[in-house]
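Chain lettering (A, B and C) follows the sequence in which the chains are written, and residue indices restart at 1 in each chain.
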Amino acid sequence: MDIGILITQWLLTSIVRGSLYALIAVGLTLVFRILKLANFSHGELFVFGAYIGIVFFNSFWIDNVILNAIISYFLAFGATAALAVFFDFAAYKPLRNRDANPLMLMIASLGISIIIRGIVQFIWGPRVQKYAKPPQEIVDIGGALIYSSEIVVVFAVIAIFIGLYFLLTKTKIGTALRAISDSKDLAEISGINTEQSIIFLWVIAGGFAGLSGAVFATISPAGIIPESGFQLLLFIFAAVIFGSIGNIYGAIIGAFIIILVDTISAGIFSLLSISAEYSKIIVFVVLILVLLFKPQGIFGGKS
Amino acid sequence: MEVSRKMALHPIIFLLLGIGSFILIYAILALSLNLQQGYTGLPNFGLIGFYGIGAYATASIIVQGINPIIGIILGMLIATVFGIAITLPAIRIREIYFAIITIAAAEIIRIIFRNEKAIGGEYPQLGIFNIPLLFGLDYEMHKIISFLLLLLVVVCIYLILQFIIYSMPFGRVLKAIREDEDAVKALGKDPVRYKLIAFTIGAIIASFAGSMWVLTQRGITPDGIMPLWTFMIWIMVLLGGMGNNKGVIMGAILITGIQQIMQELKFYIPTEVLDSNQIISLTWTIIGILIVLVIIFLPRGVLKERKVKGSDIEKTIRNVNRGIKGWIRLLLRN
Amino acid sequence: MDTLITKKLSKNFGGIKAVNEVSISVKKKTITALIGPNGSGKTTLFNLISGFYEPDNGKVLFLNKDITNLNSHQIANQGLVRTFQIVRIFRNISVIENMLVAPKRDYGDSFIKTIINFKKSIKEEKEAYDYANDLLNLLELSHLKDEYAGNLSGGQLKLLSLGMALMRDPEILLLDEPVAGVNPTLANKIFDILINCRDNFNKTFLIIEHNMDVVLDFSDLIYVMNRGKIIAEGSPKEIFSNRGVIDAYLGVD
C-alpha cells in the first residue's frame, strides 16, 4: 500500500477524531481549572449524549435526515447539559461548600460516572447502539477515504469553536467565565455571579461532551457501547494536561496531538503485526511522563 | 471423585462459601488500599493493576506446570518493582496527578495482559482458564478449603498490618506523614522512605490477592482488572473509614453483600420488570450514589481511626516482654 | 565555636530580595532573638537555615559543618530542629503519639531494623515514652496526653510543638514565634522553660519574636531584620536604645 495514502488516511482520521475529542477536551479543561475538578465522569457525559442522540436519530421521527440529525444533536446537547448541571447541584456544589479538596471532588466524580453509566445501561442495555440505516456516502481525498458527514463534522466543530471564542470574549457571561478561570476569589469580589457562571460552565462542558457523543454515535459505523466513556477519558485527560489545564487552545491542540499520536502508532503497530491496541499505551505513557515532568503542560500555565 | 458422599454440600452452603470467598479477596484488596491511602495518603487508583500482576503471574506459572508458589512469589516481586517504579518518581507530586498516573499505569498493564500471548494465554482477550483445583481436591472440597485458606490469609494480613501500624514506630510516623509531611521532615525523618515502603507493602498484598483469586477461582480475565474494580475497592475503604482496618473489612462485606443480594434478586423479580442486565446496572448505580453520599457527608468514613493512648503504648511495652502470652494478648487487642 | 553561622545568605523571590546577604552567628548556650517587622524575612531565613528553602547565595554552617545544601530532614537529623509560625503538629493522633513520633531512634526509624531487633526497638520505645512523659510534665500537658492533638488550644499547641522539638534532644532549636497569641503568663512560663533548657541542658535557641517585652527580658543577643537585611545586632540594652530599630518598627508597621 502506498505510504503516502496511508499517511493521508491517518491524517484525515486524526482530524475527524481530533475535532470530536477537542470538543470534549475544551469542556474538561475549563472544569478542571475553574472547579479544581478532575472530572472522571466526563466520559460518561459523552456516552449519555451519544445514547440520547442515537436513540432519537434512529427513531426517525423526522424524515429529512439532516434535520433529524440536527434535532438529535440539540437534544443530546441539552439533555447532557441538564444532567451536568444537575450533578453539580447534587454533588459538587455541596462539596465546594465544605471546602473539599481536589481528591474528594475527583472521587465524587468517579461515583457520578458509575451512576451515569448505571443509568445508561439500565435504560438502553449493554449492547451496541448504532446508526440503523445503511452506510453513508464516502468521499475519496488523495486516495484516503472519509465519510462526507465527517467532513461536515470537522467544519461544524470549527464553527462551534469560533462561536465559543466570541462567546467567551464578547459576551458578559463569557468574560465572567474567563475571569473566574483566572482567579475565582478575585472574580467574586469584583461582583461576578460565580454560581451563575458555574451553571454556564457546566452547560458548555456537559453540552459539548454530549454533542460530541451524539455526533460520534451517529457517524461511527461501530456505534457506541456503555464502556466507551472510560476508554476515551484517559485520552481526554492526556490532551487537557498536555495542553495545560485551563487553556482552551491547549486543549484543542492537545486533543489533535494525542489523537495523531494514537492513530499513527496504531497504524505503525498494525503494519508490524503488533496489536493496534498498544497505541493506547503510547498515549498513556505520554500522559504519565507529562504528569511526572511537566504537569503545567506545553503552555506552562498554572495547574 | 467419590460417587456417593455422606457430606454433600447443601446448595446454600455452597452459595455462601462462594460469596464468602469473594468477600475475603476484596477484603485483602481493601486492606492493601487502606495501607496505601488510609494510612499513607497515597491515592492508588490503579490498585487492580497490582492485583492483575499477582493473578497473571500465578496463572502463567501454573499453566506451565510449575509450582504455584513460584507464581505467587514472582507476582510479589514484580509488584514490588512496579510499586517502587511508580512511587519513586511520583512521590512528590500532587495527589490528583498521582491518582491519574496510577489509573494510567494500571490500564497499561491491563492492555498488555489483554494482548500478549506470553502472559495472557493463548487467547489473551479471554484470559486464562484452565487452572486446576487446589491440591487436586474435588470441587466441593476445593470450595471449602478455598474459603478457609482465604479466611486464614485475611486474618494474617489483618494482624500483620495492625502490628505495623499500631505496634511499630514505623506505623506512627506513617500516620504523621499523612497529617503533615513538612512537620515530619522538621523532625528529621524522610517521608519518601516511609511512603515507599508502605506503598510497596500494599502492592505486595494486592498482588497476593490476585494470586489467591487465581488459586481459588481458577482463572483470570482482562475484564477482571478493569478500573471499575479499583473504584469498587475504594468505596469499601471510604465507607469503612480511612485508617480503620476493621472498618474496611466491614466495607468489603457490605458492598459485596449489596452486590450479591442484588444478584440473587434476579431469581425473584420477573424479567419483564427488571432483567438481569438492569439489576446489574441498578447495583452499580446504587454503589455510585453511595460513593457520592459518603464523600459528601462522611469523608472520613463511617468508623473512626483507632486512637492510640498512653495506656496502649504501655501495654505494648509490657506485653512484648512477657513472652508468648504477652504476644497473644498483643494480637488479641486487635 | 559558634553553634550556627550564616554567611551572606540570600534568597530572591521573583525579583524581591526576601533575604539579602544575611550573616548571623548564634553562640552555644544562648537565647538569640531575631526580631523585625512583618515581612522582613525572618521566617524565610529560618526556612533557608533549616533546609526548607534553597538559598540563592551564601552558606550555613552548623557546628562548623556546611549544611547549606542539605535536605530539611537531613538537617534536622544533624541536631538543628525548627518549629513553625503556624503550629504544625499531627492533629488526628493523640498528644503522646505526637511526642513519640519525634525522637531519633536507632532501631525504630528503620522498618527492617525494627523487625529484626524488635526487643531493642521496644526498649527504645520505653525510653522515649518515659522521656515524653517527663517533658509533658514539664510543659504541664500531662493531663492532655491521650487527647487528640487537634483538640488542643492555641497555647497548648505551642507547648506541644516545643515538646516535640525537645524530644529530639537537639543541639539548637529554631523557634518561630513560640509565644504568639499566647497569654502573658503562659508566655513567661514558656520562656522559663527555655531558660531552664539553656542553663541546665546546654541547649541553644534562635527565636523569632514579635513580643518586645519577652525579647528584651529573656534574650542574650538580638538581631534586627528589616526588608531582608540585618540592620542591627546587640544586647537588649543596646537594641532598646537604637534609633534605627525603633524607626524600622514604627515606619513599616
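Throughout what follows, contacts are C-beta pairs under 8 Å (C-beta built on N, C-alpha and C of every residue); 3 or more make two chains touch, one makes a residue touch a chain.
Since the structure is predicted, the reported quantities are computational estimates derived from the model, not experimental observations.
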Central chain (by mean CA position): B
Greatest separation from chain C - chain, by CA centre: A
Centroid distance [mean C-alpha coordinates] between chain C and chain B, Å: 43
Length of the line joining the C-alpha centres of chain A and chain B, rounded to whole Å: 33
Geometric centre distance via CA averages, chain C-chain A, whole Å: 52
Touching residues (chain side chain C, partner chain B) in the complex: 50, 52, 71-74, 76-77, 81-84, 88-94, 96-98, 100-102, 104-105, 108-109, 111, 114-115, 118-119, 121-122, 124-126, 129, 133, 145-146, 148, 164, 168
Residue ranges of chain B touching chain A (in the complex, touch as defined): 43, 89-90, 93-97, 99-101, 103-105, 107-108, 111-112, 114-115, 227-228, 231, 234-235, 238, 277-278, 280-292, 295-296, 299
Partner chain C, residues of chain B touching it in the complex: 168-170, 172-173, 175-176, 179-180, 182-191, 197, 305, 307-311, 313-314, 316-317, 320-321
Residue numbers on chain A that touch chain B, as the complex places them: 38, 90-91, 94-95, 98, 100-104, 106-108, 110-122, 125-126, 230, 234, 237, 241, 275, 277-278, 280-281, 284-285, 287-288, 291-292, 295, 303
